[in-house]
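One structure, as structure tokens, below. Some questions next.
A, B, C and D label the chains in the order they appear, each numbered from 1.
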Amino acid sequence: MKGEKLISHSKLTVRYAETDRMGIVHHSNYPVWFELARTDYIKKLGVPYSVLEERGLMLPLTDLSCRFIKPAYYEDEIEIQACVSDVSFAKIEYSYKVLRDGELLCTGQTRHGFVNSESFKPINIKKFDSELYELLKKNKEIIK
Amino acid sequence: MKGEKLISHSKLTVRYAETDRMGIVHHSNYPVWFELARTDYIKKLGVPYSVLEERGLMLPLTDLSCRFIKPAYYEDEIEIQACVSDVSFAKIEYSYKVLRDGELLCTGQTRHGFVNSESFKPINIKKFDSELYELLKKNKEIIK
Amino acid sequence: MKGEKLISHSKLTVRYAETDRMGIVHHSNYPVWFELARTDYIKKLGVPYSVLEERGLMLPLTDLSCRFIKPAYYEDEIEIQACVSDVSFAKIEYSYKVLRDGELLCTGQTRHGFVNSESFKPINIKKFDSELYELLKKNKEIIK
Amino acid sequence: MKGEKLISHSKLTVRYAETDRMGIVHHSNYPVWFELARTDYIKKLGVPYSVLEERGLMLPLTDLSCRFIKPAYYEDEIEIQACVSDVSFAKIEYSYKVLRDGELLCTGQTRHGFVNSESFKPINIKKFDSELYELLKKNKEIIK
């Protein structure tokens, strides 16, 4: 991964239950897809997110934004690209692209605080796990 | 409540997100409605379910069954009736009716084990809280 | 409603299924709550949203943003305030506040296009229903 | 596939949003997983379900049952096996097994009516598509 930034590529097939009476994927599913992409991203970085939680770290959302460009439909083959677009001692920002056959359907961003899983109090990620912090920082990238 | 058995009556309005591309409520929402009815039932009995969980008791599902009779639609005003249809030291069974303007849309049953919230091991509900057990037993009823 | 702008107030109790393994309401439920608030808002304005759809109008999302301030928990009594914060011939913007006992948990905004329910093509809302357009415009408000 | 009956094998990774505050997969997700398995099954049989719907056929649920044996957790790699366990001119029954590393977590069954997608009236599947009916019948199997 010399010099290259990590971008995760997650695949899914649209579930029937994800559609609504408009016949399209209900917008509340995109944040779920973003999350599934974060799970893949962090695993690719070397640590399953469930393991981070067991070690006492949680990343609750503070901000979410989505732009919906084209609808997705039942049985569509979807790709979600995710990358870390910003990171500090206290916060992390992810950016996402949702695609179908290379066509952009949705973009999004989420911001998360690093918090202690018991107390929900802020954690300094560099102090908690400096290696993870450096990895995240090194891979900071903007999806174009 | 002399001699009368408790039946809870919960109300809800169908959410847009609960519909699917058939234009009807997706069947996976009925178990969620049953659960919301259980929350109301147990609160009516005198103990919020969140308090039971804090005291170390959990009631994970072991069995679920639903019969779908007529579809529900967006914005429908729904009533869910719930009662305890069986209870033993180890297990509890709830029965449900989902109605719209008195018309029966769905019936269901769920069975739950009493378990310790830390260990997920079975709990004898009579030993854990004999008052609650007696209340549940006394209110055992079949919805007709 | 002389001179007063419409703000809808929707109530709900947090469902068990809406929580996640952090023990808090999963963020993907807030867009669902916003939608439920829109349903109430538009009904208060005089037209159920399901009727608008039957008449050929749909309002798919183009943009969604949420800021999460404090977590919500199972059984919490939640209030959602919604108002129309902007409207043009082509688009409408809603703003939301999610509260528990007057405490602000989350704010949000959604933008929607007016589209034809058959073709998904843009509709000029003033031409489609000038009375509705004037009502929406007259009630444009910023929640503070 | 000489003499062999079709059993579909679907894979998924448990999503964070699918967990609840017990820390396990919320039971309302299993019907969604069953549905995803049906999508794979029918596609394997040669016809995407979305195509059947376009041709005027829908299969709304009439009955659902699940038995929950062991909980599933965030990030678990899940396999769902599905097969047609019964079929008549009017109805079809599917059976499911949910597994993690070969360990049985849940079994289930769903029954569906064949209905016209416009009128929601019953359809005789043999008259609607005798080839599909014969395929389904030929592959009738019980998962053991």
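The rule is short, and it goes like this: a residue touches a chain if its C-beta (ideal position, glycine included) is under 8 Å from a C-beta of that chain, and two chains touch if they have at least 3 such contacts.
Fair warning: this is a prediction, and the values are worked out from it, not measured in the lab.
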Most widely separated chain from chain A, with each centre as the mean of CA atoms: B
Of C-D and A-C, whichever chain pair has more C-beta contact pairs: A-C
Chain B-chain C separation of Cα centroids, rounded to whole Å: 29
Mean-CA-position distance for chain D and chain C (Å): 35
Centroid distance [mean C-alpha coordinates] between chain C and chain A, Å: 25
Where chain C touches two or more other chains at once, by residue number: 16-17, 21-22, 24, 28, 31-32, 35, 74
Residue ranges of chain C touching chain A (in the complex, touch as defined): 21-22, 24, 27-29, 31-32, 35, 53, 58, 60-68, 71, 117, 120
List of chain C residues in touch with chain B within their complex: 13, 15-17, 31-32, 35-36, 39, 48-50, 73-75
Contacting residues of chain A [partner chain B, same complex]: 16-17, 19-24, 26, 28, 74
